[in-house]
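One structure follows; several queries about it will come next.
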Amino acid sequence: MKHRQILFSALQLTVQPKDALEKLMSKKITAIAWDYIEDENGSFPLIRSMGEIAGTTSFLIAAELMSNANNGKGLMLGGVAGISPPELVIIGAGTVGQFAASAALALGVSVKVFDNSLYKLRRLQKEIGHKVFTSVIQPKVLEKALKRCDVAIGAISAPGGRTPCIVSEDMVKKMKSGSVIVDVSIDKGGCFETSKITTHQKPTFLKHDIIHYCVPNIGSRVSRTASYSLSNIFSPLLIKIADSGGCEKLIQNAKGFRHGVYIYNGTLTSSILGKAFDLPHKNLDLLISAL
Amino acid sequence: MKHRQILFSALQLTVQPKDALEKLMSKKITAIAWDYIEDENGSFPLIRSMGEIAGTTSFLIAAELMSNANNGKGLMLGGVAGISPPELVIIGAGTVGQFAASAALALGVSVKVFDNSLYKLRRLQKEIGHKVFTSVIQPKVLEKALKRCDVAIGAISAPGGRTPCIVSEDMVKKMKSGSVIVDVSIDKGGCFETSKITTHQKPTFLKHDIIHYCVPNIGSRVSRTASYSLSNIFSPLLIKIADSGGCEKLIQNAKGFRHGVYIYNGTLTSSILGKAFDLPHKNLDLLISAL
Amino acid sequence: MKHRQILFSALQLTVQPKDALEKLMSKKITAIAWDYIEDENGSFPLIRSMGEIAGTTSFLIAAELMSNANNGKGLMLGGVAGISPPELVIIGAGTVGQFAASAALALGVSVKVFDNSLYKLRRLQKEIGHKVFTSVIQPKVLEKALKRCDVAIGAISAPGGRTPCIVSEDMVKKMKSGSVIVDVSIDKGGCFETSKITTHQKPTFLKHDIIHYCVPNIGSRVSRTASYSLSNIFSPLLIKIADSGGCEKLIQNAKGFRHGVYIYNGTLTSSILGKAFDLPHKNLDLLISAL
Amino acid sequence: MKHRQILFSALQLTVQPKDALEKLMSKKITAIAWDYIEDENGSFPLIRSMGEIAGTTSFLIAAELMSNANNGKGLMLGGVAGISPPELVIIGAGTVGQFAASAALALGVSVKVFDNSLYKLRRLQKEIGHKVFTSVIQPKVLEKALKRCDVAIGAISAPGGRTPCIVSEDMVKKMKSGSVIVDVSIDKGGCFETSKITTHQKPTFLKHDIIHYCVPNIGSRVSRTASYSLSNIFSPLLIKIADSGGCEKLIQNAKGFRHGVYIYNGTLTSSILGKAFDLPHKNLDLLISAL
Amino acid sequence: MKHRQILFSALQLTVQPKDALEKLMSKKITAIAWDYIEDENGSFPLIRSMGEIAGTTSFLIAAELMSNANNGKGLMLGGVAGISPPELVIIGAGTVGQFAASAALALGVSVKVFDNSLYKLRRLQKEIGHKVFTSVIQPKVLEKALKRCDVAIGAISAPGGRTPCIVSEDMVKKMKSGSVIVDVSIDKGGCFETSKITTHQKPTFLKHDIIHYCVPNIGSRVSRTASYSLSNIFSPLLIKIADSGGCEKLIQNAKGFRHGVYIYNGTLTSSILGKAFDLPHKNLDLLISAL
Amino acid sequence: MKHRQILFSALQLTVQPKDALEKLMSKKITAIAWDYIEDENGSFPLIRSMGEIAGTTSFLIAAELMSNANNGKGLMLGGVAGISPPELVIIGAGTVGQFAASAALALGVSVKVFDNSLYKLRRLQKEIGHKVFTSVIQPKVLEKALKRCDVAIGAISAPGGRTPCIVSEDMVKKMKSGSVIVDVSIDKGGCFETSKITTHQKPTFLKHDIIHYCVPNIGSRVSRTASYSLSNIFSPLLIKIADSGGCEKLIQNAKGFRHGVYIYNGTLTSSILGKAFDLPHKNLDLLISAL
């Protein structure tokens, strides 16, 4: 392991260009996607933490974009007694959706959450505590909700691969002029047909008179919070690596950690990346047992 | 006070026919409207208790009328994960509206409360705890809400006199077929133009394909609960009457109790009833100080 | 698969008479009990949705049966300040029990939940949020609770087979006259000794002066809500069947779906039904691998 | 005001012996009962703060007295899944009762609150948030509750004068052996017939096998918290006195402060104390306008 | 009233220059400060609505200023499991403070609220529902809290006149570098010694490395929400004016409305403005009764 | 199984001295650690129940130790409006920590929970409902929290074996004088370096002026509650033993029950105890399959 390098990075399909991968492979690097490391309960602690941050942040961004100071509609994303509250549609009932919904409800916004998994909708209901409007993604119900809303947040998760496009350009056209879309799913392609990646320098664009916010890795807007969160998870990991006698040992012995490896000593081991970029790849478990 | 009679009754304009009043007057009776008695904090304890009962009951009635067993739409007045929840419009943010809203929210119904008093809307918000959709009665907002809802509850209070008509026949026509109206305000005339008094024997009628429930004194549906509630308030009152040396003494000395008197030894003292039925009436305070 | 028929139905022991089964078998039908289909998390989405509906509905039915309008005691199933609240005993801490408890608590009813599984009692506690009275089923504690209560809801679930009888006729006799029993467990035999199946036409009977409501499949009272809920789950399923190249393919490949099959091309594959009606049955997994 | 002294003290009828009063009067002292000072909203800030402390503390004391370590029943004053929770009866729905109820509910104790004021019961309900069992003091309902409970807290307030005795010795006899009574009302005489003042040195006694805790001024058990609370209220007061040009000036000008005076330059001005100890007393307002 | 003009405006001391007042007076205008109009319950509905908006908005602004996108610390103003939450100090427990606190708590921020009125601190506690850290303004406790916090919001209200300065420049110097101050009280002078009015064009400045946001009338950032809110209150008012036979009539008859008048037909009637700008002023009640 | 004895006991390393074990072994006893029995969901019902009790009780003990009556600081472990609330640090986010936190939050105490498992911190957050301060155990953050707190509860769980020492003597020295430590982890060695086992007779000692409470098996303070809880779990177990044809049969057939055995007919089967006391031990599964 002496002369080899380890790389921790997030496995983001849209951002991981083919030649970057090939360079990593040619340098015999072992690359670990930190967002794919599992904990002892089989859940992804990093994804979950980043999701909490992205959920709350997406709500705060929407609030910003609606204020006058940011050329928005001049609406407050919160309730005031006696005025119909602003409406928020959230697509996706995972961690991101849950934290966005929870913030919005607490401020008195009217919230509708859509997802195709009844299991996730129920979990969201339970974790939020209140009764919330939840619905499976039925096009007619969704379209009606989008027409009436002031903000739509895209927060669908795609377990490996590209996010499905849920909201067609047609539906976006029918939204109220001046409304806001925050597409958190943009990291994996976005769930609005009209979404296109933007940057922190120029985070929004107008399309069909709807303000689109499509900066990937939304957590980087609050980088210090995100760093604390990552170091909370990495510190024990690095200690474990040291205790285990190096990274390679840990890869061999810890199933959860192994789950994050996508290049092992220069060999691509992620079938998703292999298929996406048409690169040769091998199964990590076979590679290791062959040692 | 020996040979005179006292009558406790609710002061209900629509139910109090003129000849009943005249009979009471000719018999030199002292009649006390229990719903007009004030407590030491200047609030009406009986109105409040009856309002709590009417609010919860109106919600339960709406639930009944929507079920198949009662020829309704076959909708459950409650939320289920993954289905758009039924919508409830409540007109009036007093005690009745608050208890109806609170029950509905707890069961996962989507609720909108309308009232012209910001003060009441805020109080409701505060007492219910959650953030609720509240709005002043703007015709356009109200009409949109009525069009979309499954149930509308009329719960506007009229401080002395007839309830104002809030929902025109036109608005009712635009409601979804099979929807339910429960007009709790019917005691004082109703706040839907299409409301007409019904009875426990035949509690509902169809108009414009909307099920109307307009039984006055809705609390009588749960008579035992209502009785407990009244006796909770009357027992201390009767003890007070005895302690004070009779009803007449209490009328003279206790301002809150005096507030409930509408016939005093045969003289009509309620200006509301006097004007409504064109009967001579005198001011009670003057009458008493003349003693 | 051309000439064969598929039947989706609920697997209800008490309603599934032997000759109906034999007819299905003779017609070489493949019958799938939708309530036994598992989702990707190993839970039963349909059972859960139907349970949410049955739980809320059982509470609303109890409220109806207590009102004067339905010849009940004239009690409101809800709290009013200053009056001892009505008491509700719920037997079973599954989904039905949880939704009944949650509705009742929200309306101010005093609730006691009994179950033999500490795990379920804790889960209910957690999902409801408040602290609730929970108890394992100790006969003495249960009897005392039944004596004092105004409504008892039977909501015990029987994983395959008949519900155990929890409440003896003796205990029922000791309940307060005019009280209400809603036995949701009647679908699988009921958990009160005095329960007997009733119909929507005549939903209740009196026994020992207790009003019994024992209509099976309680969700059919709110048929539209139930249908929405089923179609939410069936639509993706039917699309999956089409995508998989027919039902048979899906049975072979999808473990969760296979779990619902009880007749496969005319062969009974449910051991529960086989034993109950003394019919020959085979193991589905063996049948399929024999193909 | 040079040579005169001011005394701040709590106006406690049972503790204020006649000769102490006479000594104060003979020394021409101006004595101010801090618990009778009103703030700008007409409420008693000190009474309220002391009530918050007494309410929470009375609950914590009851918990102590039930544990084995203190020779109690060995019951935990809190809920555990699957066990009938301990029952707590609170008599009095003022601040003390509210804080005791709130603590108990949060820990999963089953709580019943009694008071004769519907207004207070409603306020408690509202401030606590959850629905609670509340009841006016009907002897039969109260007796039943006391028979079943594990702890009873006396927290009735007496606006001037002695607390009425609510619970007779007979009722106490019927309580379960080993139960606990904490009589916070003991400051003004106690609301259990069996209560007798105890001290921090020997805080409890057994009567009819019920543990009685009757230490007056319960807040002194947490003296530091109580001091912080008092100094929070006194510091602005003392500053005001200085700003106003001395105490006498403040008495003349500030109605709320004047409300606390019971001896003014040696003249008794409290009619309650005057009547209780048969001492001559004068009206303070008249005294001052005579200056 | 024909040829005279009425002016509705907010009565803001800092923004109302002397010559503007004199111009209004010379034109014989009747000027009404809408924020001083009382409703039937003696509360200020406009102040309250604007306060709700300002409270929520101040929280959202603080969140913006902390993100990287706005050159802040890169902290998210919300909680993430496993990371010490950001800390927020709120000075003032009125409507603004309450809404800021409520939003922050809901997002998992650690909140401390300071005010000198125990009454307001309790009300805030009650309205928010949760237990919150509240403290009277003790310099040592406040200083410690400011040292540790990430955001401080100034929300003290000054009933007529300038806000007192609560936080000295010395205290500001001790705050953590990069922290944020949002001084909502800036409308009436601000409660931080370092506050200076800023504009929407350049809303912030750095002082002692603390980001200061001091734009007056914070609600104008969400102008549409603010307008809806105002029109909710003005529409019924204008209708009332018409119904009453003109503004002058309403001033004579409606006490609450009269409360808002500060120039009456060219005569200054506000003693606060009179004293502040050294202008002659008369009592409105005397003026009217002289008519 | 006739002449052999079964022993149910808690498996407590610190209390289980070597010779006691050897005696049990020589008597050919089968010993079952009830706290290691698993239920059908793979969780430990007894540990969980005991944890609920220990959590609530540890909070109540801390409250006792802070009062004057027990020579504490004289602080109330609860919030009062206007006073900085007392601070509580909880180390460990398992059941004990959760119940301690939940009680403390409900009474208005400021709570900080530390644990190294993000999974547990999140679960606690979710089960408690409110947002709580949670943090992974970072020495600097923990030390700061301990310095400021009034009470620290040690509630870390050690899955087999000794609790790790989390708080060094140095950190304890820095705590405020008069503060309280309740080390619930003392059963498995304690998580404060200064902890030493105490008894119910003399439950506390002072070290560095900090009150330490280190009685193991904290639930025995509320023995009746603990017994109810155990009998809730043992009764069905004993019935199962009888139904299964004796304990030995159940050990052979029920995996969850087998999990509790640590001596089987005289052979030590717990590797933890074997290693701890250097005693020969065998694998139970092998032993049984050898039968």
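Every chain is named by a letter (A, B, C, D, E and F) in the order it is written, and numbering of its residues begins at 1.
The definition used in the following text is that a residue touches a chain if its C-beta (ideal position, glycine included) is under 8 Å from a C-beta of that chain, and two chains touch if they have at least 3 such contacts.
Predicted model only: the values in this text are computed from it and were never measured.
Peer 1: Touching both chain A and chain F: give me those chains, sorted by label.
Peer 2: C, E
Peer 1: Can you tell me the least number of steps between chain B and chain F, where a step is a move to a chain it touches?
Peer 2: Between chain B and chain F, the shortest chain-hopping route counts 2.
Peer 1: Could you tell me which chains are in contact with chain D and with chain E alike?
Peer 2: B, F
Peer 1: Find the geometric centre of each of chain C and chain E from their Cα atoms only, then give the gap between the two centres in Å, rounded to an integer.
Peer 2: 56
Peer 1: If you average the Cα atoms of chain A and of chain E to get two centres, how far apart are those centres in Å?
Peer 2: 38
Peer 1: Between chain A and chain B, tell me the centre distance in angstrom, where each centre is the average of that chain's C-alpha atoms.
Peer 2: Using C-alpha averages as centres, the distance is 51 Å.
Peer 1: In chain E, which residues are in touch with two or more of the other chains?
Peer 2: Within chain E, the residues that touch at least two other chains are 49, 81-83, 106-107, 118, 122, 129, 136, 232.
Peer 1: Strictly by the criterion at the top, what is the full list of touching chain pairs?
Peer 2: A-B, A-C, A-E, A-F, B-C, B-D, B-E, C-D, C-F, D-E, D-F, E-F
Peer 1: In their complex, what parts of chain C are in touch with chain D?
Peer 2: Answer in residue numbers: 79, 81-85, 105-108, 110, 118, 121-122, 125, 130-131, 133-136, 141.
Peer 1: Considering only the defined contacts, which chain F positions touch chain A in the complex?
Peer 2: For chain F paired with chain A, touching residues are 116, 118-119, 122, 126, 129, 136, 138.
Peer 1: Within the complex, which stretch of chain E touches chain A?
Peer 2: Chain E reaches chain A through residues 49, 52-53, 56-57, 60, 63-64, 66-69, 73-78, 80-83, 102-103, 106-107, 200, 203, 220-225, 228-229, 232.
Peer 1: For chain D, which residues count as touching chain E in their complex?
Peer 2: Of all residues in chain D, those touching chain E are 39-41, 43, 45, 48-49, 127, 129, 232-233, 236.
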